[in-house]
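Next come two complexes, and both contain chain A; in the first it sits with chain B, in the second with chain C.
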Partner chain A sequence: MSGQWFLFSVDLLALFGIYLALNLSLRLQLGYTGIANFGLVLAFTGGAYVGGWLPIRLGMWLVEVDPSLADDMIWNNVIIASQVDLSLHGSPGTAMTILLITLLAAGAAGALLGLQSGYPAVRLGGDYLAISLLAFGEVLAIIGNNYDPVVGGPLGVRIPDVWAWAGDWRFMAASLANCALALGVWLYLDSIEKSPMGRMLRAIRDNPDAASSLGKNVARVRLNVMVTGGIICGLAGAMYTLYTTGVAPSALSRFDWTFLPWVMVVFGGSGSNVGVLIGTFTFILVQKLIISYKFALSFLPFDPVWLQFLLMGLVLILVLNFRPSGLVTEKASYALSRREMAKAAGKESL
Partner chain B sequence: MHGAMLEVRDVKKSFGGLKAVDGVSISLPRGRITLLIGPNGSGKTTLVNSITGFLRPDSGHVYLEDKEITHWPMHRICKEGMVRSFQLPAPFGGLSVLGNLLVACESACGESLLKCPLKALWKTTEKDNVREAFAMAEAMELTPYWDAVMSETSTGHIKLAEIGRALLAGAKLVILDEPICGVDPVMADEVFSFLIRLRDEQGLTFLVIEHRLDIALKYADYVYVMNQGKLIAQGSVEEVLNDSQVKEVYLGS
Partner chain C sequence: MASFIDALTYSALLGLMGFGLTLIRRTTGVWNVAHGEVVTIGSYVALTATSFLAHSPYFYLPLAFLVCAGVSGIIFLAGVEPIRAKGASSILLLVVTIAISLIMIAVINIYADYLQNVFHLSSKNFLFARFDFTLLGQMGILWAAWAALAALTISYYLVLQHTRLGLALRALAEQPTLAVVMGANVKSLSLLSWCLAGGAAGLAGCLFPMRFQCHPGVGTSMIATMFAVSIFGGIEKMYGPLLAGLVLGFAQIYGIDLLSSWVGPGVIPFKDLIPMIVLLLTLQFLPEGLSGFVGRRRG
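For the complex of A and B:
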């Protein structure tokens, strides 16, 4: 494998991990519970800001840096980050401590954002819920762009590289970590599928009033789901920032981190983990291929970067017309295996 | 009256200038099937909505077994033993028939986002729930369809499953809003026979709203009649049918 292909694959893997985690969070909210979260970018941005704000301060505190630089963290952020990087090269322990603390804080930020956008929103239904969440999604972008101390305003900040200790394998390590996050979320959603939780969430999705009449506290459950979804998005946002070693509010657009995930999930099927995986992988691959082969596509009568948008629109129209539940459809499943159920019901077999 | 299953006192509910329910008081004795009838728009469903926490009544009081439950949310009222069904079929369409029944069973650990990954915490409860749900399916003759997706079964089966859900949720009082609406006559009689059996064998109390009087009146112990937001008559089936006001409302003077 040539170096170029290696880099291509590693970057693909890194983005794939981030998007898969994010999209599975959307599946939990949309596919299971019926919450049309058009503000996915909110908790993701929250996590990304934590990733932009915290590691550099933790780094200054944990390793030796010229203290006078702290007078203006934003102005000096590139110098501080490189000084911290130098120390992190030789001390994976410190780097992983920074990573862990950052993730904890990003998860907490995601949870808080899920809670604050969810609290008023879960009492709304359908379209109103979607619209208010769309509006919430914009809040952090506006703050981040206009208030420098968060992550440096429109210019953004550079942050220390917690993967610096891996040397040449730095990108590989970061990519695998992103995929590990996605795997964790995958297993969690799978366990929801195979527990009474899955059917309760689907009941709330299919008919919230009936679920409520059967004793389910619908508003509470929805809020819990939004908090959980927020935690996942927050973690994904922080991992993304740590992977790119920088964050700029303008790069955290609702297109990339709300609408693109929506198209991936709608395309693959919000009712299944495998569907979400297929949707995610397809879109990341196509996006990367278009960027890599931009020059080979110069015969197009328009700039090839627009190809992605055209394809997205086309896919949406096709999917919604011919396969509205996505490529992979939801299957009715049970918490117990058929054998366990037959035994419980006192039958030979089912 | 003390000891009634449900006591509703002077409940009022308006929508803008429309007095949908205008001071209605009813009392449901235990172990009886009470029928609530009246022409379209007379306020029957709004009354039920105000009693069951689906809507907040403007004034009045609701007592379930002498405990005041006015303004309680639906899920809390369910835990006290009152469960309602809806006028339109309300299946959990993406779940199977058995899944619909299982939703009504409680599983404190299995339905927690934190605890659900640990199967050991909820496995025993789930086995009990599956046993109960299958027994319910058996009783309602839904066993052959247990694995069918709910949205693909007939209206009659959906209505039956809705009653089954209410019972599995621990209902002592079941309020049914048009349980045989859109159901064929044979199945409709089956639904009511099932209610009679539940009344006699388990002492359950029912409040049933129904338009198809030809079928429903045969099974009612007591009847309330509403018109334009007010109660206009009550009594046994004969008493109500011979009431001049009821005749006027249903047949025109």
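For the complex of A and C:
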């Protein structure tokens, strides 16, 4: 494989891991619980801001850096990050400490944002909930763009590379870590698939009044799901920032981190992890190919990147028209295996 | 004084944008995320017409109204109605309008790129202030925006209260199933609402660059504010967007100007947070919106 294709594949893998984690969080909220979270970008941005703010400060604290640079962390961020990087090259332990603390903080920020946006919104029904979450999603972008101490305002900041110790395998290590996050979320969703909790979430999704009449606190369960979803989004945001070693509020748009995940999940099917995986991989691949072959289309009198929007919109319309449940539909989930059901019924087999 | 006039102008434009959103939600139960892009199309109709045919953008207000009414009608017929006819939920219809929004973002940007690359027009950032006139010592945009909003709101109110069409529209908004049973042509009425809403957005889009900078993402970036206008105004009465536009427009421009004179200019960039805060407070304490609250007090 040529170097160019290797980099393409590794970057594809990295983005795939991030988006899969984010999309599985949407599956938890939409597919399981029926919460139309159009504010995914909020918790993702929160995690990304933590990833942009915390590692450089932890780096200054853990490794030897000229202390005078701390007088203006934003102005000096490139110098500080470079100095920290030099130390992290030979110190994977320090790098992993920074990574773990950052992830913990990003998860906490995501939980807080999930709680903050969910608390007022969770009692609302259907489209009102969706619209309010869509609006709340803009809040951090406005703050990040206009308040420099967070992540340097519109120009953003560079952060230390916690994967620097991996040398030439830095991108591969970061990509695999992103995929590990997605795998963790996948296993979590898989574990609740056949659990009482999974059935309760689906009951709330399908008929909240009936679930409520059976003693389930619908608002509280929805809030818990939004907090859990927020944690996942926050972690994904931080991992994305740590992968790119920089963060700028303009890169955290509603299109990239709310609408695109929705297109992927609706395309693949919100009722199945496999569907979400297929949707995620398809659109990440298309996006990467359009960006990679952008220059081959330079004869067009417009920026070819807009073709991606056109394609996504058209695909979404077609899917909603002809297969609204997505490519992979939800399968019935049974509390007992077929063998256990047969045993309970006193038969050899069902 | 300048910020007071700006606030008045901005309020009317917000009211026009919110009018369409409220009308669509009220009559067809859909929150149209693509409404922002329809506003942008109004701006580009004005840009194209003034660039190639000369004259003031005011001259092209009817054209912007018609083009955007047509676009909105096509969105309804080609995008929303086929899925709505299958009994889709309000959330699914919202996702449909997101898909349409993505397509329109692409088309608008491709068109803006084309204007810039082929005709060398400044299509990524434009302002029509040079075309404006003065009336009674104030800019023409102030009068034009309020005249458009008042004309739309009053004529819609008169149609709603005094014609058979209005009766059918009210029935559609309040009891869609009953309206069908009574013989109302729901599809035609819904189409009419979408066209009227698109027309209002077109007027707002055509007028917006007379005072404020315009770019391909202008409507997209304002959609959250438009939702705030619609929800804060309440969807029960069509004068809701007018009231909400006034409150939010003043809060975002005049209010923030006053606040900055007390606490310093650092607060100015955060003016876009105001609609979100208002939305949050509305959903918590005034879910029926301003018009619902006024109606309840009267009742």
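The criterion applied here is as follows: the second predicted complex is superposed on the first by the 339 of 350 C-alpha atoms of A that agree within 3 Å, B and C clash if a C-alpha of one lies under 4 Å from a C-alpha of the other, contacts with A are read in each partner's own complex, and residues count from 1 in each chain.
Following the convention adopted for this analysis, contacts are C-beta pairs under 8 Å (C-beta built on N, C-alpha and C of every residue); 3 or more make two chains touch, one makes a residue touch a chain.
Since the model is a prediction, treat every value here as computed from it, not as a measurement.
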item	value
Which superposed partner A:Pro324 touches (first chain B, second chain C, both, neither)	second
Touching partner for A:Ile192 - first (chain B), second (chain C), both, neither	first
Touched partner set for A:Lys294, first chain B, second chain C, both or neither	neither
Contacts of A:Asn224 with chain B and chain C, given as first, second, both or neither	first
Which of chain B and chain C A:Asp206 touches, first, second, both or neither	first
Which superposed partner A:Arg170 touches (first chain B, second chain C, both, neither)	neither
Which superposed partner A:Gly346 touches (first chain B, second chain C, both, neither)	first
Which superposed partner A:Val139 touches (first chain B, second chain C, both, neither)	second
Touch list for chain A against partner chain B, complex	188, 191-192, 194-197, 199-200, 202-203, 205-207, 209-218, 224-225, 228, 271, 330, 332, 334-336, 340-341, 343-347, 350
Contact footprint of chain A on chain C as seen in their complex	31, 33, 79, 82-83, 86, 88-96, 98-107, 109-110, 113-114, 117-118, 223-224, 227-228, 231, 269-270, 272-273, 275-276, 279-280, 283-284
Residues of chain A that touch chain C when the two form their complex	36, 38, 120-121, 124, 126-128, 130-132, 134-139, 142-143, 145-146, 255, 259, 262-263, 266, 301-303, 306-310, 312-314, 316-317, 320-321, 324
Complex interface listing, chain B residues touching chain A	52, 54, 73-75, 78-79, 83-86, 90-96, 98-100, 102-104, 106-107, 110-113, 116-117, 119, 122-123, 126-131, 134-135, 146-147, 149, 162, 165-166, 169-170
